[in-house]
């Protein structure tokens, strides 16, 4: 089988590089098109990233690719026509309105977009895909295409890098029949989440910062869209994703001196029916979803890995578990105030960014949306 | 006025050194007696601490003092009789049972003990003093002395290094008439809280550890004793401190790569009457207590300092506020699940350990318990 | 005695703030004028630095001062005439040519400039003052003024933040009669040396960077000017500082994950006459210079502090020694290749930047150049 | 081909675990025997290492192996006879005299020992093997066996974890005909070099330690043995390795807050014939040795990788190059005092410890010493 040619927008940034690192040996996809800001356009990829390579080797493998101007959709269209770019991963870094408009242009031109940006996360016909949780939200794509008059293009986004550490395990419990009412979560987030140059070392060596702009809102609201349902597909109204009402989430988001890996300390209040700690462990250990059934290349074998040691998960020791795509959970114990406490951890630039995006593309490929 | 001579037990350890650093220029107390483990006994203080000095200069000021064996109370008794040790600060590091027995021996010998250890925190006639919150708990001392047949000796302990960051502000709200029902708190605690050698660097560089042995229990239960009341003073029954029933606390305690300063992310549920964010700020900004009224030497001018910037408090920038004795609070905002959220921070080895102990001694001195 | 009013150019930056922190309680100088970039101009100092305060409290003490535009010398002239700015400390951050031109304008307007910038370090009639080493270089000031037709203004600069850790001790040995021929030095430099935002955390957590742009050249060449002599004062030729020919220096400059404090590992080759390790220690321990004799306010009592422990100096433990103005030296031992090895350490933003600048001003004040 | 069964002594420690991690998928060797201290003996490997696993997964793969007492050679002999242990890697952590005696016992019992310990590094008939540099030193093994009356057993050690960063590149230059006279090197060494628990976090967060006990002596002297020659093989005298006289080395060894990867800043003085920077680069880029020719499984393709960026090598970005077995070199430039300067980096627990040991075993296997 010949590989599907793909492009990366925002290819020189941190998440863009992570996408490229993950595509290096991908069995289905082949990187053939890179685009970035106008000042990188026209340069070789290795020159455009000189001195800014975060993932060793990406410049060696793809260094000779010529960077296109991401603002100029015609470059991608030409690549599309030349058979070099069947769809794109977007890791664009610019204003939200600009990203939204630009991603729309690519989709309108027939090029599916898998976006890492937050710009379209609240667009009601754009699914926020967390592959193990709401893979059925891909059903909105035909509606999205019809509403917008797009032929083959569409837009799918992935959630913020902090949410899978608790949303995946909570979904597993919900799927097992336990209603979740409320949630208080404190996150300890790695500096790579802020991109590059990102967090100044003077702000984080021997320090923590108890604030990340916009992060608490995303952490509280995005899970409700992910856990929502598709609603309104009638002739006269646009299909849209209706948010779930529960769980109510309160998030405290902290930046800590860790390179990769977001940790979440979670207290959960169930509905009337409450699982025991042992039931919770069993549900999580046995949880599998569509990406696992389909054995998608980047799907972790076990979406949730349980550590029984009382001092785990730890970012440095657990972030790379199962291709850095699993959520590792430990300290599962009753909560003194709510019902259950646990600590979840996942790799923010792989599972929480580029890896999550590639897994979404694998899912859509399987479902026949990518040809 | 001549200064009161004091001793430090466990003088070579981390907290012991911090006590000594704080006593260097104290207006009321003068360090004249140091005791530590048998292997330090008989050595000059500077030799016993060679290569293990954490607070520059303490070895220079007090380096010539000869270290006594802390296990041998007779040394302290001799110092007491010689006018070199009117009371002791205990920073002993050994088993709880041993500490309890040893501290009892000092008190029985007429030497008041201000302990940093957790050994006596759950002894019902021993007050856990957080000077701004439960200074009236000193009233149990005469009962303690009577029950135990001690003449002038007594034992007072200070709470765990993590609790003042939220207990002091919560008390201020309670004093202003707001009932607090429940509390979920996640702490990000500095490595100095584990003493020396403490946390291995291999465990904490580019990492966090979501577990500190025993810390969550202390963080959840000690505030209830501090907020409790003295009960049972009748002829036939021992006086004891009765724990408060509220607030219910659930704690997640994490170790982070920070040298000094414990941070707490707190979500609070009030009773029926709920203050606005502005009222909370006003209450905290205006909060003063007995140590402030008495202008005790180590009392912070303002027990609670409010930072309005959205990224504060931060350990490195705020831990030293007001002689490292204030609690700095920021990010005061409504909670999405409970009523109020905030971040509190204080210096764990000063306010949360040696400084808190010295302030307690200043309080007892003022109340006439130290002569 | 009324204090001399002073100004700080580049007052909102990292070094500018350090100047302001040091001026808060200065016995001779009083901060009355602050200037910064046009985008800060017109704002209150506390507003111009909101969210960027590195030294707690400077915004509280001087927060109400209105920031002037540093590019507009007339503001300083007005302040000068109003008796609010007798001289300025320059911590400007812009291109070298611009800084040079701007500092010249201030001096030409009669306002002495004590600069932290590197712009004028190679101007031959501008002394690079390291107060304990080449205080006699102030003799070039009248020549500088005459040559340039300046009345009361002049320019004095301080050396790069890395050089005093080895230049001061080497000078002490030279003064004691030992010729120093060659020197190989590796520095481990703190992130504060790069200013703010400076070094991204992604580049330095769990990492070191073996390169700092321009730093090795400065580290190798500036000591030669400091150790040089004033030459050429005849009618027809400008006075200038002639560089010393020795020692030849080779520097490896590394950035390390340390907040403050530059460490230097030094190997020294003497001339024919070679001191023993004991002689070296004695010379350093006894070294005093003019700032000490004059008891200048910011002069360290002992310019060089010797630590005998084999694992010192360490940045966190020694950088603050003697108001953060002393150089701490340890590991004094023979070199296997040259003659002598040692490790020197000093605080880069105090001794190596703002503190060194203030000490220079104190020296010039004493010599009668500031009125 | 069936794999050769191997054992690891000191299997529960940090280097022991690294050996085990490297043996997991080794094409020639199969781990079948683990031994450690008496307190681990009799336990399952996963239980003996519970809470102390540094390399994720080693406990899962080999967790069921029963740990033997490393002090009891008879256990290894039994495993040897049972075909479970043809030779051992020694990562013992105990006193030097004990290690020496114990390693001798294993060798005397016919079990070859590849040691990571420093105990035997100065034993004159024991080669200190750096596989790309002195592979011909294996010729001393028959002499060693004959002298000591050992049949099939022998002892080979690997050098200290800091030396390959400069010794391998210097050897490449020597092999190309350039004499090297003197060397001044400053190392910035990772905390993993101190084992576990090793360096306390209180000593290294926001700090560096300019001292590592015994490290400078090892860094200065071991290269001379590695670069030495076998001498004295006559009937009446024992064969021994005669140290090289040059280069003279002076080392400054520093501990820095880096998890893995030792960096060395090196200044080199050549003999009369001096290569240009371009020649040096060419020699290093083209350097290959016996392990490369034999394509040994753990041999890096290129022993020396050159980075042209001016801020490389960096520990976090370069330590894992080519299976963490290559030395990465950058900043190749003339020295202001000697002739050449460069920065070398390699992974201390792989190339500098367990990986170096496994490569040595591969070499000996190829040469027919392991059956």
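Chains: A, B, C and D, in written order; residue numbering restarts at 1 for each.
Assume contacts are C-beta pairs under 8 Å (C-beta built on N, C-alpha and C of every residue); 3 or more make two chains touch, one makes a residue touch a chain.
Everything quoted here is computed from the prediction, not taken from an experiment.
Student: Taking all residue numbers at the subunit A to subunit D contact, is the shared part over half or under half, that is, same or different?
Tutor: same
Student: Would you mind telling me which chain pair, B-C or C-D, is linked by more contacting C-beta pairs?
Tutor: Answer to which pair has more contacts is C-D.
Student: What's the distance between the Cα centroids of subunit B and subunit D, rounded to whole Å?
Tutor: 48
Student: What whole-Å value do you get for the distance between subunit B and subunit C if each is reduced to the mean of its CA atoms?
Tutor: The mean C-alpha positions of subunit B and subunit C differ by 41 Å.
Student: From the C-alpha centre of subunit C to that of subunit D, how far is it in Å?
Tutor: Here the centre of subunit D sits 44 Å away from the centre of subunit C.
Student: Can you tell me which residues of subunit A touch two or more of the remaining chains?
Tutor: 54, 203, 205-206, 257-259, 311, 316-317
Student: For a test of understanding, state which residues of subunit B touch subunit D in their complex under the given definition.
Tutor: 14, 54, 191-192, 196-206, 257-259
Student: If you look only at subunit C, which of its residues touch subunit D in the complex?
Tutor: It comes out as residues 182-184, 186, 188, 203, 206-211, 220, 248-252, 254, 256-259, 263, 265, 267, 310-317, 330-331, 335-338, 341, 343.
Student: For subunit B, which residues are in contact with subunit C within the complex?
Tutor: My answer: residues 50-51, 53-54, 56, 205-206, 259, 309, 311, 316-318, 320-321.
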